[in-house]
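Per-chain numbering from 1; labels A, B, C, D, E, F, G, H, I, J, K and L assigned in written order.
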Amino acid sequence: MSDHVYKYIELVGSATTTIEDAIANALARAHKTVHNMEWFQVTETRGHIVGGKVAHYQAVIKVGFRLDD
Amino acid sequence: MSDHVYKYIELVGSATTTIEDAIANALARAHKTVHNMEWFQVTETRGHIVGGKVAHYQAVIKVGFRLDD
Amino acid sequence: MSDHVYKYIELVGSATTTIEDAIANALARAHKTVHNMEWFQVTETRGHIVGGKVAHYQAVIKVGFRLDD
Amino acid sequence: MSDHVYKYIELVGSATTTIEDAIANALARAHKTVHNMEWFQVTETRGHIVGGKVAHYQAVIKVGFRLDD
Amino acid sequence: MSDHVYKYIELVGSATTTIEDAIANALARAHKTVHNMEWFQVTETRGHIVGGKVAHYQAVIKVGFRLDD
Amino acid sequence: MSDHVYKYIELVGSATTTIEDAIANALARAHKTVHNMEWFQVTETRGHIVGGKVAHYQAVIKVGFRLDD
Amino acid sequence: MSDHVYKYIELVGSATTTIEDAIANALARAHKTVHNMEWFQVTETRGHIVGGKVAHYQAVIKVGFRLDD
Amino acid sequence: MSDHVYKYIELVGSATTTIEDAIANALARAHKTVHNMEWFQVTETRGHIVGGKVAHYQAVIKVGFRLDD
Amino acid sequence: MSDHVYKYIELVGSATTTIEDAIANALARAHKTVHNMEWFQVTETRGHIVGGKVAHYQAVIKVGFRLDD
Amino acid sequence: MSDHVYKYIELVGSATTTIEDAIANALARAHKTVHNMEWFQVTETRGHIVGGKVAHYQAVIKVGFRLDD
Amino acid sequence: MSDHVYKYIELVGSATTTIEDAIANALARAHKTVHNMEWFQVTETRGHIVGGKVAHYQAVIKVGFRLDD
Amino acid sequence: MSDHVYKYIELVGSATTTIEDAIANALARAHKTVHNMEWFQVTETRGHIVGGKVAHYQAVIKVGFRLDD
């Protein structure tokens, strides 16, 4: 991480199963167009409720990726 | 969500297994008396420790539910 | 918790599997030298990314433990 | 405000016109069942977008009301 | 706290004497209608001034109480 | 919002008239190049002053838009 | 803004009509004694309620003004 | 509080006895030159330690006072 | 405080009487093993409730102490 | 700091060279009219950009000064 | 800044020498592809340590740039 | 950073010259007794003032170091 420059993007992923899967879904989508993603930080965990149960989780994540030199 | 009014309640659920189950337990209990719960936000994740291991997780969640018109 | 004094330490644990395992790994390591750990609070959830997938999760936790009288 | 006890509730109101109307709609609905509301604080301002325009504003407000003695 | 579900309410108590009394007054009033209050957190300390002196303190507290199973 | 991935952008719009117009101006400009904007959150409200009056309001907003699958 | 020094003051203005008017009223009053006010930031939006309606809005603003060299 | 404009000042008071006295000392000093102080908010509570005991408490408070019309 | 290095520890003290005593109890315990404690900051004030009354207060404090050169 | 009362002012200084110089410039200007300034805290670091380079840094600082007894 | 719309990007720059150079490196890289950058705000200052010394500083900055009309 | 556990300590370093030197002084002192320090985050920048000038800077930093397996 010494002499590179990184940029953050903030994403919202969702999944019906777990918070981890919501994170994975956001990363999988971003990976199609963003290269060199190196780390993420969860900034918010939330979700929707149907019939008193979690219908899906939503993870808001900030992702740091390395800009090409 | 256009012309409704929503109210927040804040709950603490717990589970010995996962953070997701702690959320589910809070929602299941609230569902007995609160109708039209639509979304939640995790405001704190914590837990108790026994013998160096997580005895149970606690999820503090804010839940938004629709008020009857 | 009535007449004891507690101290906080802040740890970072990691795991390739789940956020819960990252918490468990931090507690397991601390348990080798710290006695009477009673509760934890997650202050940050993050991780590293390799090839568009989560390589490992990192959980930053504050742990409260009871000081001997 | 000297010797009373107050309670907060947190509400989300919406309106297609202005932030002020979103606040008013939340208060009007709460007024049907809550007496003695005395002040509010806006904790979040947000809204939904359709076709690049604000479809409706949402005001999240905390409302303080006096409990009967 | 293992398998229960808790709910938060947020209250404002006041007292002319001390911050501790302001907390006590809020709890005393809530105790009339809320059972199983177990802990509180002070979220704000404030007050009114008359003639350059504190006329009364106000403590804003969040109170956690156990929901019946 | 179930199985989509969303991205946030943060914008600053301004208007001489109202805070609502400052939001609208930011959205109108973004709409030229960003599709599927679905919601916004106001993160800061500010403005410039000339002659003791508001010359223009500035609304800082985070906008969530759906990424194409 | 290059080589000047600025000072902040924090004000509370109110108005029965809109948030914008509450800001304007605070600025109009400050303008009587403070010169060179250049920008403001809204730090809190709140108000009082009478009969289930907003009696007046209150805008808490920080105002930056240039100190004479 | 309807049509007045208020200004905040932020003060640090101290006392060897209690937090309440630290607040009172700050207000007493400010009262010599500031009129119409109406409310305060505690923004920080701290103090100095000598020999393992509190030598004095420090209360940082924001004080709102009414500007003359 | 010019050329020294300080370290923070975070403690939780409790007392049945006052917030000030909860702070004092934390400091008294820490004083047994930590030298040169110089200042503290209260980061959280909370407590437990029994029968609608405060059973004991808890003060979470960060304490700065000077490291030996 | 035992029995004095302190007041905070918040300033914005700027400099083309370093953050430290931006702090120094704010203090130098305030020193012309404010006596007994004792400490500062940086609350924001920012700046303006021209041609992809920092044109000047801006340091927002809160300054504590002792009020005359 | 009157009738333009601005967008924020968040970057991480690093440098072995100073915090100012870490900011400059982030801006220099962004300047290759982003036009009309006008201001920045430092949101985090951090760095890596090797052998008890700072190996490099990292400045996380939000940069505001003007969107073409 | 994959399978290690890290601990945070929080330090205050000071220097008469620059913020960078204040960080360096804290690290140099900690390095005498703490091994494997890997990164730091600045949580507060402050200082003392004498005669309208910065007498010394103080950097509050959180330092992450790797615990032995």
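Rule of thumb we're sticking to: a residue touches a chain if its C-beta (ideal position, glycine included) is under 8 Å from a C-beta of that chain, and two chains touch if they have at least 3 such contacts.
All of these numbers come straight from a predicted model, not from anything done at the bench.
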| item | value |
| --- | --- |
| Intersection of contact partners for chain F and chain I | none |
| Degree value of the rotation bringing chain E onto chain K, based on Cα positions, nearest 5 | 180 |
| Far-end chain from chain I, centres as C-alpha averages | F |
| Chain centre separation in whole Å, for chain F relative to chain C (CA means) | 38 |
| Gap in Å, rounded to a whole number, between the CA centres of chain I and chain E | 22 |
| Interface hub residues of chain C, defined as touching at least two other chains | 18-19, 30, 45, 48 |
| Every chain pair meeting the contact rule | A-B, A-C, A-F, A-K, B-C, B-D, B-E, C-I, C-L, D-E, D-F, D-G, E-H, E-I, F-G, F-K, G-H, G-J, H-I, H-J, I-L, J-K, J-L, K-L |
| Interface residues, chain L side, partner chain I - complex | 9-14, 16, 25-26, 29-30, 48, 55-56, 58, 60 |
| Footprint of chain H on chain E - complex, ascending | 18-19, 44-49, 51-54, 57 |
| Parts of chain E lying in touch with chain I, wherever the complex brings them together | 18-20, 23-24, 27-28, 30-31, 37-42, 45, 63 |
| Complex contacts: residues of chain C adjacent to chain I | 1-8, 62, 64, 67, 69 |
